[in-house]
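Next come the structures, one after another.
Paired with chain B in one complex and with chain C in the other, chain A is shared by the two complexes that follow.
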Partner chain A sequence: MRSSLAIETRNLGRVYKIRHGRKSEPKELVALKDVNLEVPRGEFFGLLGPNGAGKSTLIKILSTLLLPTSGVALVDGLDVTRDMVEIRRRISLVSGGENSGFGFLSVEENLWMFARFYGLDSRDARQRIHEMLEIVGLADRKHTRIGELSTGLRQKMTFVRGFIPDPNVIFLDEPTLGLDVAAARDIRAFVKDWIRRYPDRTILLTTHYMAEADELCDRLAIIDRGQVLACDTPANLKRSLQQDTIYLLRVAPPDSKPAPNGTLESVPGVRQVTVAAGDGYSELKLRLAGDDALGNVLSHVAAQGSTLLSLEKREPTLEDVFIHLVGRGLSEDAPPNGAQGSDE
Partner chain B sequence: MRSSLAAFFSARNHRALRTFLTATWLGWRQEASWASAPVFALYLILRPLSSVLILVVMYSVITDGALEQPIFAYIYLGNALYILVGQLVGGISMAVVEDREHYQMMKQIHTAPINGYAYMLGRGIAKLLLGVISALVITGVGMLFFPLPLHPAAFDWPLLITSMAVGLTGIAALGVIIGALNMVIPRHIGSIGDAVAAALFLFTGAIFPLDVLPTWMQSIGFALPITYWLEASRRALLGPDAARFPTLAHFDDLALLQVLALGALGFVVVSIVVYRWAVYRAKANDLIDMDTSY
Partner chain C sequence: MNAEGRVYKATGIKLFWRMLLARAYPRFVSPIREKSWLFFETFLPLMATSAYVFVYKAVDAPPEFIGFVVIGGTMSAFWLNVLFGMAMQLYWDKEIGNLDAYILSPGPIMAILAGMALGGMVVAASRAVFVLVIASLAFQVTYTISSLPLLILVFLLTLLALYGMGMMFAAVYLAAGRDAWQINSLFQEPIYFISGFYFPVKTLGFWFAAAASIIPLTLGLDAMRQILFSGDPALGFLPVEVEILLLIVLSVVFLAVSQWALVTLERIGRRDGRIIERRR
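Right after this comes the complex of A and B.
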């Protein structure tokens, strides 16, 4: 019987042994630890996490490129350690920032080659390639060598390569990485259209971009240091913070004393503070227990001699959820000795 | 039960054949893409010509121009045939490094439902085709311009075709063994395939009979199917002239082919085992798409 789950992991773990020199003892890095996920068929599932969180390690395991060191991973009901070839017939992997193909081949040749690897008849492959190149606006470039394409066009071609075999499960690993705004928007539109046309297909997306995850994903897991910290719909994740109040303050000068977290976090009612340096100001994002705490914060800012430039009350975003769970923003590096995969 | 087994093997073979043919096409496109068609054609002719001229000049200087001696035909044909070894072993094994580090396509290829063994073979076949063209050009030049006793009508075609089919199978398996090892070697320190092919040049009787080597070195040569392939191919092309060198004279043609087949089969079996081991190691140690700054 066909499993109702497209992806399932049970206590999945991956440990890398890193050796610095032949005689040194190998050092263990835990990239994934007891990851339990269930992704039903037809779901657009997201993995959100900073560099080194374990996202790419998980995708590598699910796409049969890497063996787990513990636990079980099933894709389309098949075991990634035993049914590799059968899994590969049913999946596709698109990575952002990848080389995208053999530079000496044309767009059409590269796509045709992969279509043949996936078992498509040559004529059917060319037909499908033509249709998909039309959809993404690359039809006029099909005879262009890949090496002559811009980054955005190459990424579009990579997308087409991923979707041509008509996979049951597609892994999108940072698919819009390094793309300009217009190209990223085109890619997202293409993905949304595809999932609308094929509602029984499953997409697993890893991304740095909160807005992308919020826009595309039915559900998402927030992952850090190899562990899943939360897994729910974007709306539910944001709702979990609604008992708190989010304020965005801009204060000057940027090196004023209120900026350090420790000082402000000691103010009654302040639950969390993150600071970002702007051009001539510091931007403080505050998670407060309630509106009442704002007076204390403003008094503290004034007492430190800083000038309040702006104040904005915000609805919780995925980024707020992320900071709440992980303790730092996506762009901030994990502290040393964090459990990080070597692949990211 | 029988029909399901038949279906399994049919699908598997179809996948392997499809992978092999597509990879062969890819390899040929790679080889032919760096120049325009006329320049590429010129390259195909000039490259072997230059190597054969170097060989003939060196031989002439050392022997004072004794081109009619049987050893000249021995060396000349050995050199022409050995091009196939270098091209096939180097082509297959280097494809792993090129795919992984130059084109960075290993990840995409290994998530596609290909037969990895067939893919490696296919990637090397294009190089073999170039090698065949080179060998044909060299042999043709030898027939036209040098006193080589080569007469196509007198060739032992069945022996030639059999030795080529069996011998090249074994040599391709050697290429897969080295290519598989390349998959798990994290630091690329040069072309191991080329190095192995060059090293075996000494031990297989390509340019001099094995008898001139010390006994322990001869043992290496006798253990390699390439030695028997070269001997069988020379016999097929030169006829009685090939028998002037006593190294393998005690083998009749059938015995020679049997030893060659046994050696080639051994290489094939070892290549399958090593390939599977290497893929497992690469997946266990996250080496499939490693970048060692090639």
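Right after this comes the complex of A and C.
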């Protein structure tokens, strides 16, 4: 019987043994630890996490490029350890910034070659290539050598490549990385349309872009240091913060450090503070227990000799959820931790 | 498309064949798209061949030696193709991101290597013919072919064993990473000497020639020369029949080892997480 789950992991773990010299003792780096996920067929599932969180390790395990060191991972009901070949017939992987193909071959020739690697009939391959290129707006570049394409167009071609073998499950690893706004928008439109047209197919997306995850994903797992911290729909994740109030404050001057985290967090009613440096100001994002706490915050800022430039109340975003769970923003590096690590 | 509207995907031999032809395709079209090979892969080997011809002419060597050099120069196209188009190719493919696609395809990576080999053979053959025809005409080489079918058999077996070795090297170079460049340099020039590209390998002595026979071109060149210049069989290293037998053995061994090496490499790569990582 066909499993109702496209992806399932049970206590999945991956530890790398890294040597920093031929004679040195290998050091263990935990990339994934006890990851439990269930992704039903037809779902657009997202993995959100900072660099080093373990997203790529998870995708590599699910796409059979890497073996787990503990636990079980099933894709389309098949075990990634045992059923490697059969899984590969059913999946596809596209990574952002990928540069595959041969520069002297045209877009169509490259896509044809990759389609044949999956065993597609030549006529089917050409038909699908034509259809997909039409959808992403690359049909007029069909005969252009890919060495002559811009980065964005080449990435669109790579993206199309992933969909041509008609996969049951497709893994998109940062697919819009480095793309301009228009190209990224085209790609998002394409995947949304694809999963609408083929509701039994599944997409697993990793991304750094919160808005992209929010727009595309039915459900999201937030992952950090190899562990899943939360897994729910974007709306539910945001709702989990709705008892809190989010404020965005801009204060000057930035040098006086009006609200270093430790000090401002000690103000009654302040749950979390993140600070970002702007051009001549500091931007404070505050998660407060309620509106009542705002008065205390403003008094504190004034007492520190800072000037309030602007104040904005915001609905919780995925980024707020992320900061709440991970303790830092996506763009901030993880603090050093000898026992953790990843391949990313 | 099948009844469910899904794309039909071949399996087994059909998949292998489709992968093979797909990977051979870039090789087939590259000479048409990138014409720099005309200079580097035909004119330069022709120059090296000519230099040896003039040396032999200067010392009044037997006329067969001119033919030996021309055949050696002709076959050098295949040797260069095996080194740079086979052995190095998987490493290059890894660097540009193609290896991920090869590994993720449901077919065996041997099909990819077989495609590279087929494409490489065809392209190198066109270059070899160019060198052969120009050099033969320029230096008025006379061939006395004792058996055309035997010549074709030896030629094909030589290519099979040679490209089998190339497939094995491809797996080894992939494991070696950036050190592959050094290994390749190590192989390129010395093989011209130990395989007797420009002289009969027999002159190196039996044991040296026997050791050099691990390179299929040593036996292949020697057998082809014996068949092409049947006037003086005493210049041959081993009887042609023995050399054919050894070429068959080499073909089987190289292909089997390359298959084993690729499977092992993938297994270790999946275990250690280094299957497609670049520059680690």
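Please note the rule applied: the second predicted complex is superposed on the first by the 338 of 344 C-alpha atoms of A that agree within 3 Å, B and C clash if a C-alpha of one lies under 4 Å from a C-alpha of the other, contacts with A are read in each partner's own complex, and residues count from 1 in each chain.
In the analysis below, a contact is a pair of C-beta atoms (placed from the backbone, for glycine too) under 8 Å apart; a residue touches a chain by one contact, two chains touch by 3 or more.
Predicted model, so just to flag it, every value in this text is computed and none were measured.
**Student:** State whether chain B and chain C clash or fit side by side on chain A once the two structures are superposed.
**Tutor:** Aligned through their shared chain, the two binders clash on chain A.
**Student:** State whether A:209 touches chain B only (first), chain C only (second), both chains, or neither.
**Tutor:** neither
**Student:** Tell me which partner A:166 touches in the superposition: chain B (first), chain C (second), both or neither.
**Tutor:** Second partner only.
**Student:** So, does A:44 touch the first partner chain B, the second partner chain C, both, or neither?
**Tutor:** Once the two structures are laid over each other on A, A:44 reaches no partner at all.
**Student:** One more residue to check, A:124. First (chain B), second (chain C), both or neither?
**Tutor:** Second partner only, chain C.
**Student:** I'd like to know which partner A:101 touches here: chain B for first, chain C for second, both or neither.
**Tutor:** A:101 contacts both chain B and chain C.
**Student:** Regarding the shared-chain residue A:194, is it in contact with chain B (first), chain C (second), both, or neither?
**Tutor:** neither
**Student:** Between chain B and chain C, pick out the one touching the greater number of residues of chain A.
**Tutor:** C
**Student:** Starting from the residues of chain A touching chain B, keep only those that also touch chain C in the other complex, and list them.
**Tutor:** 16, 60, 63-67, 85, 88-89, 91-93, 95, 98-99, 101-102, 104-105, 109, 113-114, 116-119, 161, 343
**Student:** With touch defined as at the start, can you tell me which chain A residues reach chain B in the complex?
**Tutor:** 16, 60, 63-67, 85, 88-89, 91-93, 95, 98-99, 101-105, 109, 113-114, 116-119, 161, 342-343
**Student:** Mind pulling up the chain A residues that touch chain C in the complex?
**Tutor:** My answer: residues 14, 16-17, 57, 60, 63-67, 85-86, 88-89, 91-93, 95, 98-102, 104-105, 109, 112-114, 116-121, 124, 128, 145, 161, 165-166, 343.
**Student:** Quick check on the complex: what are the chain B residues that touch chain A?
**Tutor:** 15, 18-19, 22, 25-26, 29-30, 33-34, 103-105, 107-114, 280, 283-284, 286, 288-289
**Student:** Help me check something: in the complex, which residues belonging to chain C touch chain A?
**Tutor:** Per the touch definition, chain C meets chain A at residues 1, 6-11, 14-15, 18-19, 21-23, 25-26, 29-30, 33-34, 96-98, 100-107, 112, 270-273, 275-277.
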